[in-house]
Amino acid sequence: MSDRTISYVNAFTEAIQLEMEADPDVFIAGEDVGAHGGVFHTFDGIQARFGERRAVDTPISEQAIIGLGIGAALTGLRPIVDLMFMDFVLVAADQIANQAAKLKYMFGGNAKLPLTITTTGGAGLSAAAQHSQSLEAMFCHIPGLMIVYPSNAHDVKGLMAACIREDNPTLMVLHKRMLGQKGIVPEGRYQLPLGVANVARQGSDVTVVSWGKMVNDSLAAADQLAAEGTSCEVVDLRTLSPLDIDTVVTSVRKTNRVIVAHEAVRFGGFGAEVAAQIQEYAFDYLDAPVGRIAAPFTPIPFTPALENIYLPDANKIAAGIRETLARPLLAT
Amino acid sequence: MSDRTISYVNAFTEAIQLEMEADPDVFIAGEDVGAHGGVFHTFDGIQARFGERRAVDTPISEQAIIGLGIGAALTGLRPIVDLMFMDFVLVAADQIANQAAKLKYMFGGNAKLPLTITTTGGAGLSAAAQHSQSLEAMFCHIPGLMIVYPSNAHDVKGLMAACIREDNPTLMVLHKRMLGQKGIVPEGRYQLPLGVANVARQGSDVTVVSWGKMVNDSLAAADQLAAEGTSCEVVDLRTLSPLDIDTVVTSVRKTNRVIVAHEAVRFGGFGAEVAAQIQEYAFDYLDAPVGRIAAPFTPIPFTPALENIYLPDANKIAAGIRETLARPLLAT
Amino acid sequence: MELTPARHLDMLRSMIRIRLFEETAGKLMEAGKMPGFLHLYVGQEAVATGVCEALRVDDYISSTHRGHGHLVAKGGDLSRMMAELMGRAGGYCGGKGGSMHINDLKLGMLGANGIVGAGVPIAVGAGFRNKYLGTDQVSVAFFGDAATNIGAFHEAANMACALHLPVVFICEHNMYGEYTPTEKAMVIADIVDRAAGYGMPGVIVDGMDVLAVHEATLEAVARARRGDGPALVEAKTYRYYNHHGIQNLGLKYRPDAEVLAWKERDPIFSFEQRLLDGGIATRDEMDDVWAGVRATIETAIEFADSSPFPEPEALLTGVYTRSNS
Amino acid sequence: MELTPARHLDMLRSMIRIRLFEETAGKLMEAGKMPGFLHLYVGQEAVATGVCEALRVDDYISSTHRGHGHLVAKGGDLSRMMAELMGRAGGYCGGKGGSMHINDLKLGMLGANGIVGAGVPIAVGAGFRNKYLGTDQVSVAFFGDAATNIGAFHEAANMACALHLPVVFICEHNMYGEYTPTEKAMVIADIVDRAAGYGMPGVIVDGMDVLAVHEATLEAVARARRGDGPALVEAKTYRYYNHHGIQNLGLKYRPDAEVLAWKERDPIFSFEQRLLDGGIATRDEMDDVWAGVRATIETAIEFADSSPFPEPEALLTGVYTRSNS
């Protein structure tokens, strides 16, 4: 059954289920993750299978949810705690960035903190400015955390398993608009290493670096460009922190042109870090500046009329690629 | 008295005092800002002068402190609310980034939110990982906020006055280790425009872009380099968001080499955004990659033995400049 | 103070405005005309109405994700509300905020809020402003039962008490936070048990009884206005529909019988009965109210339907206020 | 259960260990040997001691910025503590954490904490673990009076009650949060007034009386151990020194007379008097305790003084655990 097809969200749930079967110390906790199975069905069936002890519905208390995970992880369990919407990480930012991320170091390296924080990011559902954000950049800046943002069902399962087994705090972000997307997902347990990027498509003319849902858009853009005779290489970072810059730089040294595509606001986004490292490590190979395709500097608008314009997509990426390719070696 | 010399912290307090005198709607609120005058004496004398009504000691409730500011600003006052240590912005991150920053836009542009949030950032006092951070990058990524980080007494006063008069929420960061630093500060009211950088030193061989305390270190590095015959231009951003990239790019087009120096962790720091924009807008002018001098990817260690190594300083900036200058036009 | 028949009809009208606005929004959502999440207020009309009828136009309120009722009761324009929910340029937020961020600053309605509990500190800020300026305006924070488990609520409640601000806390206890029964999220049955921890009085009222809500609020508001500080009013109520969307029966987290039992005590129909029984209003008068509101709703739908979507340029405006002073 | 004379002397010893450790740290700070902020626990010794003497080694505690006393009382090694405060490699955190992050996971001490209130949810997490594994361990959260105004405390207290976890909440009410009298930061005089809002019992004890603290904690701990859920113990106490540093008199935010009055009720000297009066211990026995602790402190200073500063390589280690499983 190596070609079994299931959805992104089911792959996520399956990873949790398999790890919970394998390790009695793994549990889930969060708002409506138990009886309801998560507002996006990310935890469907977990409580039915493992009971209320291991699938815990909590009060609406994001700080205490993360604290619960920290305390349980510090004392030997392997918690998965959920924040529902990525926007809510801001409510619990102290516990995530000042506590979970730093305890190991502050404790002189003695602590082990196998904590997985799950959440859903991304816009496109008319959920407006407080239920649509992509805030990964804010937490990539915090030493001690690992940030994971998978782009397809196969990766979700392997990366989520790796997060659960990881002895450091991880933030696993699912994109809301990919939950139903199907992919070929092996049945048993497997892990994908954190901190290793994936070349999702080989190409020679230009590199597109991306993560999460934007990898799909990048691949779609690559299809468009292929029809125009351009060969795009698409690098899926999978993990933002730690960042696998080697895979990116290897690609750029081959293609000499690159854009970074992400859904978050461009200004101060994680694309800036990727761009800064590319120009540092591949300076002599670049035939054009590192381009960035990302959202404009505004909160996310409610109305689809504006949200559709707001969102980066395959067309915008394709346009960005064309622009990068069109740039003469010396523009001025 | 145009050459009156006062400290950075006194310049800050003076700006507040003058604005409070000029406008009865301006008040301060926060933990120990009233009777005690602020744990770093940033509000010394304000309560004595304006009374408890306008200099309000609050409970230890960072979320409610910001919320108090938001509600008061929405309804016509011009609040200054204090968070004591920049690390504590994480405790109030939702109110800052989901509420204060976004309300205007979500409300269709109808709201006015003249809110100033003050805090102190920076390491070097052995205050360890939760009392030393420079988290400006996290909030630069949030549309709707303005981030200000002055480098000297003169600028503090003018920028703080501008923050208070600004109709958008501003985050004004003081560096703890600069509080006592003296400078020439005019006596009356004046404002420095937000979003306008300052060329703190003219030079021709290399540009150093910086903000806050690191501007001082950059100037000291420039002195070192001058002795070696190198002419450094130092750009003090003053405001990080909005970013005055034009001043930076103008300088880089002249010098062709540039480093960005900041105290925050390098990975995902605001230097990445500056570097990404420089390589985008000055690609053909760059003779070397944009360098970044910043802190390593660790929480801030307590012991001076490690904190001293951790911190970027004039020597590290000077070394970074030398490295950038030494790089041949084609390195590979 | 006795209420006149006209005031009784005002209250009835306010509740009907909420009810019909919400039912209409639900239908438009089903018809695919309303994007995003819709948290309907149906069932809780007596709370928003009873409270807001105790307020002046210049008093402030802050609201929640379930905020339409609060804006309607504060006097919101149904046309601009409908247009907002449909993402149109003519909406309260020009289509940028939607259901979860609807507001009317001119009416003192400081916004629905997508973050549970986050509106409470904002109401406290408005309360601070009232005291600071020495006005006798009050500020009201609406929030749900489950929201009282979040830190922002706690900090705000204590802050209001510590600073002795004219703030009234209105908890709408509808027994659930999303799909979790509140009895699973807290041990206590009554939110008022939290009031003593801040040092303010708390009172429980029947949230299906608009007059009871009104009376309790009047007292709390009067107290706040005369400078005697905050108070908490807990209204026991129920939302007829699912947490969001318009399913009402057949939900796995609550028994249908429970829904039906609460509907027996419907705030609008029971109030009508009372007005009839007391000879305060006739069936005809009340039918006129329904008809009037129905007409307003028709107007609102037409307004919204004919309001254009915002122009692309609107995307980038309003992030920063440009009018510095 | 009657305490033996030996157990009484254990308690005395624990309090003296805290007292002398803190006084020494203060002097070292004055001498410029101790970098950073130092929040001394002197005056509150009876609380940490009374509580921790009611705990087992495998019980957990979480602590605050004022955390030395808690670690000492939980059995902490004074040498490694002193070395940590001096930023040495031999310290508990290898010099990386310092006073505000001192911890000993082997003793179940989950860390001092630089963020007010942030340790409380962490203790709740440890309590969750105990219940999850079906052990009879308990978890204790120490926090200050002013910390109860922060959201994290509230969420954690409610969470522990909602999930019925074996957690004991210990509030050290020392009347101030930094330089603000707590009566300005909250209307209520007693933190236990908050317990009812979570549905747990709360009790006030004299925090200068180690036996009173001990007894109250024993009861709360027994309750938690047998699965009856959380409880709150509020100890009324006082810190002799300034919020940080070692000034004690002449502070503008509190009257000297107040300090002196509390010192009259010193937890150590009053306990000694009680032991003498009750014939439980002799002056000689108690002097031996003092002498023993003094010797330990000497050893600690020597250990710390001779412990090297960490090597530069240490800067980059420990950010991530490398031992994945």
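Going in written order, the chains are labelled A, B, C and D, and every chain counts its residues from 1.
In this text, a contact is a pair of C-beta atoms (placed from the backbone, for glycine too) under 8 Å apart; a residue touches a chain by one contact, two chains touch by 3 or more.
Here the structure is a predicted model, which means the values were calculated and not measured.
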By mean C-alpha coordinates, which chain is most distant from chain A?
D
Count the C-beta pairs in contact for B-C and for A-C, then report the pair with the higher count.
B-C
I'd like the Å distance between the centres of chain B and chain C, where a centre is the mean of that chain's Cα atoms.
40
Centroid of chain A to centroid of chain C, CA atoms only: how many Å?
36
Please work out the Cα centroid separation of chain C and chain D, and write it as a whole number of Å.
45
Averaging over Cα atoms per chain, report the distance between chain A and chain B in Å.
30
Indicate the residues of chain A shared as contacts by at least two other chains.
58-59, 61-63, 87-88, 91, 94, 98, 105-106, 128-130, 143-144, 297-299, 301-302
If I count partner chains per residue in chain C, which residues reach a count of at least 2?
93, 95-97, 101, 113-115, 149-152, 155, 158-159, 162, 184-186, 319
Hey, which residues of chain B end up touching chain C in the complex?
27, 29, 53, 56, 58-59, 61-77, 79, 94-95, 98-99, 103-114, 143-144, 146, 165-168
Touching residues on chain D, where the partner in the complex is chain B:
35-37, 87-88, 93, 95-101, 113-117, 146-147, 149-152, 177-180, 184-186, 252-253, 309-310, 312, 314-316, 319
What residues of chain A sit close enough to touch chain C in their complex?
31-32, 35-36, 39, 57-63, 87-88, 91, 125-131, 296-299, 301-306, 309-310
Chain C - residues contacting chain B, complex
60, 62, 91-97, 101, 103, 105, 110-111, 113-115, 118, 120-129, 132-133, 139, 151-152, 155-156, 158-159, 162-163, 317-321, 323-325
Considering only the defined contacts, which chain D positions touch chain C in the complex?
149-155, 158-159, 161-162, 184-188, 193-194, 196-200
